[in-house]
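The following pair of complexes shares a single chain, chain A, combined with chain B in the former and chain C in the latter.
After this line comes the complex of A and B, so read on.
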């Protein structure tokens, strides 16, 4: 394939990864921003979303779209409830002490992973996409006959992949509205700015914590549901998004929504493009190097505030 | 905070306790039946340490290796055991991890007092565990397909008598690919030892048959999205050769279909790309008319042998290669027969050596090294085998099947002669 279409294909593929990564990373960033909890189990909520999507679609049967729409609602809801319960029964009891919560979430990671292995099994299982048409993409050429459109071999994408990108954008706009415009968002932001003062003003900080932890997990689960028709649900699939999410939130600034989105898009796209034209190892080296540079020269992240 | 100081032990109290405990020990030893097998080795079970990929990326394989091993051990016990002794399988999870694998081998030798160890599949776990088995002088029977046994990289205590290695599988495919599918091949393989074996041996073998590999595409083992690699496939490709492993295999095959759309080249793949995956999964329709290497045909063929029938029934696999209990639970049928056959080789070896306990481990290895032909039988349901005692590697038939209406139908059986290659090592010259 020529360079032009090849690059565009790499960007398209990178954009799908970036879309899913953004949702996952925003969840992680939200939890840290409001609760100051570094959630190591975040990737497992992503995995649970994918696995529950398989459970819902295979139980419902019928047209794939019915099962998928149901999974889009049920899976994030259930994962959110599980996470809220984990907050009430585990994190709250540790009084959100940073070191303890890290250890506790590592424990949650293993518990969720192994329970999934026992209950769901070691196989990677597929979920059918609600719609999945292959689109051949055209490319332009300036040949002897002037400007012409060609259809290069294998240059295409699928409608579902485009839909994932659109869905991620819609969810992010909704989340931004929730945080910036709603009363709930106001309470969350107040808690993020100064929890003691928020509590002194009668805000239900504990309820906010459970809700934020649930919301963060639900976002990861939603990302898992969206990706599962492209990849498959597998009990170890949470490791990679966890690592990438951490890279993204460190670069973007922990707790900063805008920074997280920007960093996710940059990391997702550059990972796609660099791994195609150079090597995937180089892509990982560069993104980790970027993290190191950020930590040295701008420890609060691109958009983070210094006093966080 | 206050600490309680423990009551100091007096000389008298220590002596009393010592006396009491030694009396208990002496009393227990005197009781009949306490040391159950002290009279001789004959009634104690033979303990076979089973290193199984219970968790980690090999878990889908591990589950079926476990089922096959359990079925084979039950069969051996139901027909009188080994030298009149029952077989006890001691399973330990290695997490598909080389470091853990070596620890498991150590546990078998020193904690469980196993007679032999067996069962590992993933090549990095084998390579990580085998040196420890050699140090502990524990016979280590692997079921891994890797070329590392026959290449001479391991040691005299490591044998692979139940499954063929990648080098012989790959070179047996070249005549069929070159004569039936096409001469210009593009290879897609995972970027680690297993994939490199495919790259090196197939590239050499296809050249001998007048073909060539025009492009090698190595994919990192942790990759989860593949479309971006496919543009490297040259337009003039006549045959696409793919072999992928791990949980992302289905994504790989699906994206391959989406990439090519209606105009695909001939496709030849190793079933590893779809092991434990249902061929009826959405997105795999495009595979119809493509070819697969299979170690052992997943779908019961028209000329199915009575031994394959027996093997399926014993393990609990239906004629579509899925679990009898759950038709969606697809077996790793091209690999798991290796566990069954290896256990039968261990039995035959122990009987030939007159094995009575860990002191006879060297005799057991010599007995297995002396084996040559293993005919198609209940103990060898995949087909006849030829064992090479010098390289510790078995050779056997290979199968090529074609996808027809969502089922794999046998298209070609490569004879053992196509799979042989010159010896690269003579383990029998190494001391025990």
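After this line comes the complex of A and C, so read on.
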């Protein structure tokens, strides 16, 4: 393949990664923004989403689409409930003191991951996509015969990958509506701005916390369900999205949802593009160092206004 | 007895008890305890920053690995002897902790945890990236002839135990002295109330940096000795897990107590050891213990002992 189609292919792959990453990172950012909790177990909720998707689809059987649609509803719901319970029984009792909270979420990370290892096993398992037609993409060329369309071999994408991108956009629009238009979103934003004042005005701050923690986890789980037909479900798959989400949330400015979305798209795309042309390990070295230095010299993030 | 002589008696007693165990323990536990002592050196290093200064670093594996690779790589590629390699390991950890400390301490709280985590991740990826020299995840073995330190063959089980004990005893005494020193007391003051310490005229940044460098260098010393004593250098020791483990050991044993790191490391090592007999998912123990500790026992074992029985415990 020539350079042009190759680059476009890398961007398409990057866009799929960016879509999934955006959902995961927005979940992390929401939890940090409203609750001031750094959730180290966030990647495990993503993993749980993928693993539960496998469980649901393999139990239901029938046409892959039936199982998948069921998984899209059941997995985020269950993960959200688990996370809300974790908030009520663990984080709330710690009164969200930063150091204890982070230690507790590290503990939760190991518990979730290892329980999955016991219950699900160490294998990576695939989930069939509900639909998966290949689309070949055309490429244009200026040859001897002038302008011509060609169909380079291997140059294309699948309908499922495009659907992932569309789904992520739809969910984000829904989330934005929830935050900006609904009463619930208003309460969440009020809690984010001034927790004590919100409580003084009789807002159910404790319920908001459990709900936000559940919602953040459900977003990660949804991302996990969406990715599982492309990547297999494995009990260790949470580490990578956790690191990337951290990078995204920090660069986007902690707690700023718009910044998070922007950073996720930029990083997801560039990660896809960079790892096609360079060593992915080198890219990771540079991006982790970059994030550390941003926190040191510009703690409000590249787009954010708030201090950590 | 005064608190001071009680302290002295207790710590000398612990060292003597460990020496006594050398002669009575069966082979398996003997080897285990040697490992525990080296790892408690690492935990004691971590405790200086976490327990005494009140800073949570999630990247101490970087310092441990700096010591380990600083000595391992100089042996493997530059033909250093064990003595020079050990020194190279400690110096690498010193330099890296100075750089990381100077940068990371510009932040505080949550940002500090993430910055240290990110630096350690970058270190781990760097080890993987230079797989040609470091052999990545697989790691490499330090050959027996390279593990002779001042004529002592460190691959011998008996020598290994005694050298580990020597390192442990030295670090224990240094920590004890440090905690009682002016510097150590200022660190505790910073932990308890940073603003007040600043108002009293202490240069907070300088004290914190000193703590991070001392802590990082001790961690590197533990890493360098681990490589030389057990003959293996691998990228696993640079992963997040090895940043979390000292946190777990110190929390369990009691943060801000001199003996806590030993107690926590020993307890946790045996707990993980036992549970790995039953399941491959033995790290679940670490997770459960972390959650339970934050919920119900933030003082840890020695912290509880201090609160209930021995108020003079340093």
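In this section, the second predicted complex is superposed on the first by the 296 of 308 C-alpha atoms of A that agree within 3 Å, B and C clash if a C-alpha of one lies under 4 Å from a C-alpha of the other, contacts with A are read in each partner's own complex, and residues count from 1 in each chain.
Assume a contact is a pair of C-beta atoms (placed from the backbone, for glycine too) under 8 Å apart; a residue touches a chain by one contact, two chains touch by 3 or more.
Since the structure is predicted, the reported quantities are computational estimates derived from the model, not experimental observations.
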Touched partner set for A:17, first chain B, second chain C, both or neither: first
Touching partner for A:232 - first (chain B), second (chain C), both, neither: first
Touching partner for A:90 - first (chain B), second (chain C), both, neither: second
Partner chain in contact with A:298 - chain B first, chain C second, else both or neither: neither
Which of chain B and chain C A:189 touches, first, second, both or neither: neither
Which superposed partner A:123 touches (first chain B, second chain C, both, neither): first
Partner chain in contact with A:281 - chain B first, chain C second, else both or neither: both
Partner chain in contact with A:158 - chain B first, chain C second, else both or neither: first
Chain A positions touched by chain B in one structure and by chain C in the second: 114, 117, 122, 281
In the complex with chain A, residue positions of chain C that touch it: 56, 58, 103-104, 106-107, 109-111, 113-115, 118-119, 121-122, 125-126, 128-129, 244, 247, 251, 279-284, 286-295, 298
Residue numbers on chain A that touch chain B, as the complex places them: 1, 5-6, 9-10, 13-14, 16-17, 64, 114, 117, 121-124, 126, 128-129, 132, 134, 136, 153-158, 230-232, 234-237, 240, 272, 275-276, 280-281
Partner chain C, residues of chain A touching it in the complex: 38, 90, 93-94, 98-100, 102-104, 106-115, 117-118, 122, 243, 246, 250, 279, 281-282, 284-285, 288-289, 291-293, 295-297, 299, 308
Chain A partner contacts - residues on chain B that touch it in the complex: 55-57, 59-60, 62-63, 220, 222-225, 227-233, 235, 247-251, 254, 258-261, 263, 276-277, 281-283, 329
